[in-house]
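Look at the two complexes coming up: chain A is in both, with chain B in one and chain C in the other.
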Partner chain A sequence: MADLNAHAGERQNRAAAMRLNLFAYALVIPVTLLIIGLVGYPFFFAIWVSFTDQVIGNVGKFIGFTNFAYLAGTSTFWAAIQNTVVIVVVTDILKLGIGLGLALLVHQHFPARGIFRSILLLPWAMPAFVAFLTWRVMYQPIGGRINLILTQTGLYPHVVDWLGQRHTAMGSVIVASVWRGFPFWFIPILVQLYSVPEEFYDAARADGANPWQRFRGVTLPGIKQVIIVPTLLSSIWTANAFEHVWLLTQGGPSDATMVFPVLAYFGMQTQRIGEAAAVSVYMLPALGILVIFATALMMRDDEQ
Partner chain B sequence: MTDKTTSGAGWSRRRVLTTAASGVALAAASGFPMPAVAQARKLTYWGGLIFSEDANNLLVEAINAWGAANGVETEVVMINQNETTQKVSAAVASNTMPDALDVGLDLMLLLARQNQFILLDDVYNKVGDAHGGWYDGPARATDTTSEVGGRVGVPFGVNGNLLLRRRDLLEPAGFTEAPKTWAELAEQAAAVNAPPVYGLGLALSNVGDANVQVNVMQSYGGRIADDEGKKILLDSAETREWLTWLKGAWDKGLFPPGVTTWDGAGDNQAYLSGQAAFIANTGSVGIAARNDDPELFEGSAFSPLPAGPKGTISPITPQSRVITTGSQMQDEAKALVEHLSNPEFMNAYFNVAIYGPVLKNQEQLQAFDGSNSILVGLLGLAQNGTAPAYPDVYNAAYADFSSNFTVPKLAQRVVVDGWDFDRAIAEAVEQGQAIYNKY
Partner chain C sequence: MSTQALGTVEEQDRRSQALARRKLIIGRVLTYATLTVAVLLVAFPIYWMIITSLKLPREIYRVPSLWPKVFTLDNYEKLLADGGFLLALRNSFIVATVVTIVSVVISSFAAYSMVRFRYRFRGFIGRIILFAYLTPASLLFIPISIVMAQLRLGNSLVGLILVYLTFSLPLSTWLLQGYFRGIPRELEEQGLIDGHSRLGALVRIVLPLSAPGLAAVAIFTFTGAWNELLFALVLITSESQRTAPLALNYLITSDVLPWGPLMAGAVISSVPLMILYFIAQRFMVAGMTAGSVKG
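Let's look at the complex of A and B:
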């Protein structure tokens, strides 16, 4: 009798557990559907469109890799690959260097540190549109601040067309992008610096470690995690960013700053949606790898 | 505890699920367009937003006043013309096109081929008959009969590039007349070129303004492609002649620094800030100068684009009103389009907009009485301007070629990268041929 009661109770418990599980799944279904609808559908639709000859007003038909082959046959496409890689790598290295350097500086105790910290956040707080238009004005050959400073101080007596020359355009875009983006690195690194126990530094000092050795042995391992994830995220954002190049150079001069998002926009301007989608899809493999790495790292962080 | 809360306090599991499912259904439903018949009958008009706020307001007021007088509920949405393509693209995909809208030539031709617009021959003929007939240029440019069996657009204005010059600088230098040829233009520009004032404020960047170089090249006899739209013809002596003119002006320092990356407002800003003696512009700069810098406006003059050795190429860009196939109010929309051609409205509109006339009787409107130099220039454009793309053939390949800024990029290769003509032309031919091969 006791066994029967025990079995019945067990069955009831299992049934209750199953109901609870079903209930939990049911609660997740709406969100899952929304995610599929809002994220999955546009994503896979864009991939599908890239294999069609869709133009505005016509859904088009499947044309295989024609759009991809056409793009690969243009010099602008190859310029976009090269420029996108250069902008992502150089910009992120500079943002990391400046963000890390400033975080280490602000981590020190000095008067008005709070004000200094706030000022460093301003570029990030400024709308990108305003920021890059401001840089555009500053780069102007006639009346631009940078040229005025250079000529009036005698540092360089000639007016430089920063955005209009091949050898200065890319550098100018990178400088503006770094200025706008370094706080994204500065903030998490600074926060993480506060979490490195002071005792570690004391112990390192006691062992005779010099500042560089303390940085390599204590600081760097302590902030490593917040460097890797922002690196990946920033790389994805920079590769996808449109406004910095568009507002400064429109990809010129002579494709010197042409990047994938601007190339895709030109595709839209020609009303050939399939072709524009193909430009974006070309970026997917590289960005997909970065996304997988970033997601894995963030999940590992969560588990830790 | 959780169980008790969800099952016993008014929020049963069933209710939670029902609510969630309703929410999803609602969210999903909101993402799809409702059939037009299920919505209130309202005539929606997408007007093309232009630089003149007065003109934009005038169009909105005219449409709403017509609606009120005729018992038709109207809604006017002004669309930035730089975003028309994107908005129309989304509207076509989601079946939410307005009843009627203003479109440029590219979009009109593209969507006409997709049967997105109804035929408007009846309205076109009626309006033309009532107002002395259509000017030949806009009439031919907007004729879609060979493609879709009739006209889908009723033109309401033309624009195009005029040459705007600093009379106050040029006359003291001895140049009282507008330059007749591109060579003369360079000569006059050189005479007043004194940085920070530069002679030639012509964009050479990846923007629509820079396509004026296509017109210069064509006026030297250069061609983009053959009449069949198959073979790129850029590799010619005439193209080299144009490049020689361009390179000569560049080497003399007549172009302001920055022209190779100017945005769409680059020439406007250069002229308004006194950095350029000449620009090619639709007239928006003139309006801005008239409003904000009357002294500059007084010292400026408009004239047609100069000629090359093979004549003047000064293409018109007509704007048209179209009615969409999916409209449930096509008769009302036709009546509205016809109404909007009335002389009172058009006279007021021309006075504040930057369009030239399309109907012959409009020449007699007060707007074109000669008191406004911008409108005089636009009237001349309507009367004497060349067809879009002429002497090339305006087709989808040409539009694609222009949107890729292939000719401005050819110019950039020469002046920015220092490539020789042969190399730069070879690249442009390759890129252009790849574009034309798609069609």
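Let's look at the complex of A and C:
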């Protein structure tokens, strides 16, 4: 009798566990299906398309590496590689450096620092397309504000077509991107700085550490976690950013600011889809390494 | 002798105090000076956007002054006159709101499931979500536009909403997992004893306690959808389906750059986000720190 009861109880337990399991799956399934359908499937589809001669209205057939070979023979493609690397490296170093520097300054105790913090967050609160449209207007050769400041203050007497010249276009794109993007670093670093205990600094000071040693020994370890993973993420996103170049220069003049995403978009516009997809797929190896690193680190941080 | 020594110590003390004081003052001055320059550089483009939108054309194109002689709403009238931009704003609003609601609801379910339960494929699903979060739009826009065309959702807001879920779902799920983990299991178990179902416990106990996280996620999702340009550019072909960034994009691809109306549009598009930002700066700051948010 008791045996039977235990049996029934076990069965009940198993049924309950099963229900719970079903419930858990039911909750996670909508997101999983949508992600598989909207990210997973297109991801592999893109790779397949890059090996075909697909154009709009025609599915195309497998043509091996033809698209890749063709791209590698164009100067625009090489310009895109070079520019993408330059933008990622320079922009991210500047954003991190400025964000870190300003966070260290605002972290000090002084009146009105809340106001400084709020204003310094503003570029991030603005839509990116608004930021870049505004910079586009400011860069204009005639009536643009930047030229006016330079000529009025006598810093540089000539009118410069910032976005229209090969040697100034890239710098101009980078300045605008840094302006919009540094709060991505500034805010998390600032928040993290508050979590470093004051006593650590006192102890370091008692040991006779100079400011640089205090920064290396106390500050950096304290904020490391908001630097390493975000650096990887930021590189991935900067390499794939479209708006800054599109709204400022559209990749011009003569490819001086051409980057991968814009090149892929142009390919799409000319309706040669296979080629356009090959442009994106070319980015995969470099991107893949960054993504795998970032995923590993994020999973590890997450488990802690 | 001893008094003399004492005097030197005192003097030294005073001198080192004065030195420390001077160092502090110099430090302060340098801090304020640097920050003031930074704030000016940050604020100027925003100021310029607003002021340009309020100027007459002759004040914009010739020698633009820092302060307009005449303030005018002409640019706003010009921008809004044919109703196209208003329609675009409405479209942006619909898309961003729907994406936000759908995304917050279903990703909080998924995040809860992954934090609370142990089951097969849990780790795998977690990995897929993270990969999806890191897979950039520039890789996906080509195949997605083909898929959307096949589904006959190409030139529609519904299609745009579906596509924006590709970046909002992974981000929201990832962020919410972090928030849910911080909620003690005991509170939930108490709820179960009090007669709530599992779903009830999620809705009545876990979600209210994660309100700041939900707010951060909602803000990021809304902002992301409101700002998106690339997919809109690829998917939307008819004027009636344009979103705000798209409408402004087509203003500059015409031959003449209409600065006044362009900046008026920039100001109007910023307003909803600025309002969000002022209401919820605190949540935004917390969320940025938690998740390294895409922008």
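Going forward, the second predicted complex is superposed on the first by the 270 of 304 C-alpha atoms of A that agree within 3 Å, B and C clash if a C-alpha of one lies under 4 Å from a C-alpha of the other, contacts with A are read in each partner's own complex, and residues count from 1 in each chain.
Here is the rule we go by: a contact is a pair of C-beta atoms (placed from the backbone, for glycine too) under 8 Å apart; a residue touches a chain by one contact, two chains touch by 3 or more.
Keep in mind the model is a prediction, meaning the values are calculated, not measured.
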item	value
Comparing the two partners chain B and chain C, which touches a greater set of residues in chain A	C
Chain B versus chain C as contact partner of A:166, first or second or both or neither	first
Which superposed partner A:155 touches (first chain B, second chain C, both, neither)	neither
Chain B versus chain C as contact partner of A:105, first or second or both or neither	second
A:273 touches, of chain B and chain C: first, second, both or neither?	both
First (chain B), second (chain C), both or neither touched by A:75	first
Partner chain in contact with A:206 - chain B first, chain C second, else both or neither	neither
Shared chain A surface residues [contacts with chain B and with chain C]	20, 23, 27, 30, 34, 140, 142-143, 247, 268, 273
Residue ranges of chain C in contact with chain A within the complex	27-28, 31-32, 34-35, 38-39, 41-46, 48-49, 52, 60-64, 106-107, 109-110, 112-114, 116-117, 119, 122, 125-132, 134-147, 162-163, 165-166, 169-170, 173, 177-178, 198-199, 223, 226-227, 229-230, 233-234, 245, 248-249, 252, 257, 259, 262-263, 266, 269-270, 273-274, 277, 281, 284-286, 288-289, 292-295
Complex interface listing, chain A residues touching chain C	20-21, 23-25, 27-28, 30-32, 34-36, 38-43, 45-46, 49, 102, 105-106, 108, 110, 116, 118-131, 133-138, 140, 142-143, 145, 148, 179, 181, 184, 187-188, 191-192, 226, 229-230, 233-234, 236-237, 239-240, 242-243, 246-247, 260-261, 264-265, 268, 273, 276-277, 280-281, 283-284, 287, 291, 294-295, 298-299, 302
Residues of chain A defined as touching chain B within the complex	20, 23, 26-27, 29-30, 33-34, 37, 55-58, 70, 73-76, 140-143, 159, 161, 163-166, 169, 247-256, 266, 268-273
Residues of chain B touching chain A in the complex	3, 13, 16-17, 20-21, 23-24, 27-28, 31, 85-86, 88-89, 92, 106-107, 110-111, 113-114, 116, 195-196, 205-207, 256-261, 263, 273, 275, 399-400, 403-404, 409, 412-413, 416-417, 427, 430-431, 434, 438
